[in-house]
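Look at the two complexes coming up: chain A is in both, with chain B in one and chain C in the other.
And then the complex of A and B:
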């Protein structure tokens, strides 16, 4: 049996809208992945701790609050501290185009903004996950 | 093998990677399990089971928080079903345990039931061993109490907590599911709802029929409000004491070890048979004949069995 890709889907920060995260979780599940859903209002520490214990291949974060510039680099930094940069770290949500280069610079591998078909995210994960 | 060194020192990353290895049955996973068997068997394993939505994750969260006050290292294995259609799953038990993910003395691992033939209980037992060697003194295994393999998992726990809620149906539902036999502690969660007393009376009546030495108590709880948690811990302790005083503890572990060996035999026989090319082509051929009513499935099955060399 092929091993399923394990993904942590989570919502960093304080916004309470998880429709997008749930849609993504569902799409990844239907693509045969094992999705660990941690729910709302996660701190970067909680996300990285969970990712380590669950030994996930991917961390997918959804963020709509505008705090992406603080929270996403913090997650990337904690991953580096733990020596876990091999985990594919991606983000999505309402993120202005001009903010994306800086996030990529900090260690986020890709940002998916509103309107992205879920199939595109699935494909990106399948192609970029550690083998 | 530096993962093993890390595990013995209580490194979380090493424990997590080793669990992945046994879950995926990555080359070499059996050597890991052979190596750690000697040093395992110290942790006390508590099974938490009950119907979906009964509050198992919330209850586990509260029980673990209480146990953590004694400064004991705790691990949780939370099992959720894998979709038989896509092979994917959504493992959502962590949602109720968010505070615990910041506690360095707690390790939480979510597992999907995945598709393997009866292998779930083997994988879970192996994960328990890893967390045991990692240094967890208490290991909670949480699973939806439906289906044979899930019941097998909780049966391998030292103490099983059956979580029920009011209003799921009458007493016949309880006997039907066979759940009365596996609980050592019964909890009526969401006990602030209508019908809690009635549900308790029904369960107590059912338990009266049982002639086992240990009589489980039925405890009321509202896990989300942290009510009734200490009572449940006392009951777990009472059961633990009973196991230790009698030879039940040893007896249960003998049964469990035997089952584990049998499972390993079954798993490897099935693997051998169904991964064999000759057998799969023979199977495909005979299947066609069975559909066309040229031969019957019993003759086909025994024909295949005859050609198997173990």
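And then the complex of A and C:
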């Protein structure tokens, strides 16, 4: 790839805890990626539209409200509808282990739970982004 | 505080000590080159009277219960009455949450603290499209007075004090509480409790804002004014550093930014024509408790002293109650680890000690499983028991402010206060807290601290037990509390029933009156109360206000 990896960092749903999203945004930027942060309260539609418009390679969502089971599969579904499944879609936040298989099944490529070093997320993106 | 010649003796022996120590260090270096506090401040190996020689006891510390309140707001602190053990709770439906409250009271919890779900906090009814997936998740779903009646069913509102974590629509939930009390035969002047009502920190760190700054400040001062007359025992705001700290700030930033917000509220109320001593006694604060025991204790002491000075010198308050900073504490959610969650019990115990040794008026202790999900009932009980053990077994409650006079604690109390003063000056220079937030200054400072902290963890400069050291293979945690999606569906059904069964003409009429009040300058509280009483929903009331006031646009900063 001849340009930096472009990432959309976003907060789906209503929760306002954006420390994690911002820390990840900075870490990805420090790792040489181009980062667009959408801010809070994004609907799945807004996130997917922004991702396509901004021509990003990665959508990184952070969610701590417990609404992950509803909102993340919705984003995956919209990506499919738009034929944009090649955008690497990942998530993080307070997400119980037992919920993860279902999210992966729906099309989220990885879920990063509390305590994950940002370096792990960076590595995952580098290894899995469309080439 | 010390005699001059004795200080010079100490100076000499300190020199001697440093010489001996540095020789020793040549042979055996210390574990780290620099020792840093939880907030990243450099900590010396030894503190002596020299570090606090400038402290004048009467001016800087004084007696507990009197200016500048460094040692506490009551003369005898916990010897008279323990702090209120107030466990923040609420999830799913009003019925479920009501059960949890009754359980907590049975187990010795002395005050209620209501957690609302996000749609409620942002003023959406459960059937709003943006509420999809969020109903009942992080707190209880309240759409109308009907839900509120169920929430407090069988709980005598003249006996308990209730804290409600509600900000943008605080007036609506307070009105519902007043209406429920009225139905119980309890008049508003008997009600005790707190609404968070602190919009500035929502813009900074917590995110459940609705309206732009100016109308938000007006709603807040309307509440101050209304309560000073009608609900005199109610704490009208809980000016919160908690979320600022959770967002990654240092301890000194927590104090500086929180008190800067406090200054903005006082200024707004004075500008609206209120007299400082009429509303300031009902201002309350809310701080975090992290793991660095002494730094946290110093933080609370510094905050009390600084607020007392601000109220006296800057605002000319005369009533001692206007000067004494009363605060609630919650242990630090961000300090909990998802790894080996039982270790969190120990962290919470240390944080409890910090809050108590710092003189808190009430305390919520987090449960061990909160880095994973909402707390289970067993975890909540352990968290409450932690407070009870500190209260009844540790002995720290036997005397007031036991760490006063500690060279170290007094020294860092001064340091945190001085740093906080600098932040407040900077914010004054920027034109006050609302302006500093719009500019993104406060958010950026917090984010810088948060990112620095994260990097310290990732480079192993900071050890988090079980997370970046002492890890083990763990089985997946089981028995986590889960809120079913059916909660949202049921809430929708109840809303439809409510809208069919009430007097909709009257609802429309009161909403129109409310709109006029919002457009004009009348206090909106009586209008909200009228609307609530005839079962206008939270979403309907908030929508009227959205129409008139508009919505806040966040400045996106990373």
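Note that in this section the second predicted complex is superposed on the first by the 129 of 131 C-alpha atoms of A that agree within 3 Å, B and C clash if a C-alpha of one lies under 4 Å from a C-alpha of the other, contacts with A are read in each partner's own complex, and residues count from 1 in each chain.
By our rule, a contact is a pair of C-beta atoms (placed from the backbone, for glycine too) under 8 Å apart; a residue touches a chain by one contact, two chains touch by 3 or more.
As the structure is a computational prediction, the values presented were derived from the model and not from experiment.
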{"item": "Clash or fit, chain B versus chain C on superposed chain A", "value": "fit"}
{"item": "Chain C, chain A and chain B - angle at the middle CA centre, rounded to the nearest 10 degrees", "value": "100"}
{"item": "Contacts of A:113 with chain B and chain C, given as first, second, both or neither", "value": "second"}
{"item": "Partner chain in contact with A:32 - chain B first, chain C second, else both or neither", "value": "first"}
{"item": "First (chain B), second (chain C), both or neither touched by A:66", "value": "second"}
{"item": "First, second, both or neither for A:17, with chain B first and chain C second", "value": "second"}
{"item": "Touched partner set for A:53, first chain B, second chain C, both or neither", "value": "first"}
{"item": "Partner chain in contact with A:94 - chain B first, chain C second, else both or neither", "value": "second"}
{"item": "Least C-alpha distance (whole Å) that remains between chain C and chain B when both complexes are overlaid", "value": "5"}
{"item": "Set of chain A residues, in rising order, touched by both chain B and chain C", "value": "25-26, 29, 35, 37-39, 43"}
{"item": "Residue numbers on chain C that touch chain A, as the complex places them", "value": "118-119, 121-122, 124, 130-134, 137-138, 202, 205-208, 246-248, 334, 337-339, 371-374, 447, 450-451, 454, 457-458, 464, 467-468, 476-477, 480, 482-483, 485, 554, 556-558"}
{"item": "Contacting residues of chain B [partner chain A, same complex]", "value": "12-13, 16-17, 19-20, 23-26, 82-83, 86-92, 94-95, 98, 101-102, 107-110, 112, 114-116"}
{"item": "Complex interface listing, chain A residues touching chain B", "value": "1, 3-4, 6, 25-26, 28-39, 42-43, 45-46, 49-50, 52-55, 82-84"}
{"item": "Complex contacts: residues of chain A adjacent to chain C", "value": "9, 13-19, 22-23, 25-27, 29, 35, 37-41, 43, 65-67, 69-71, 94, 96-98, 113-115, 117-119"}
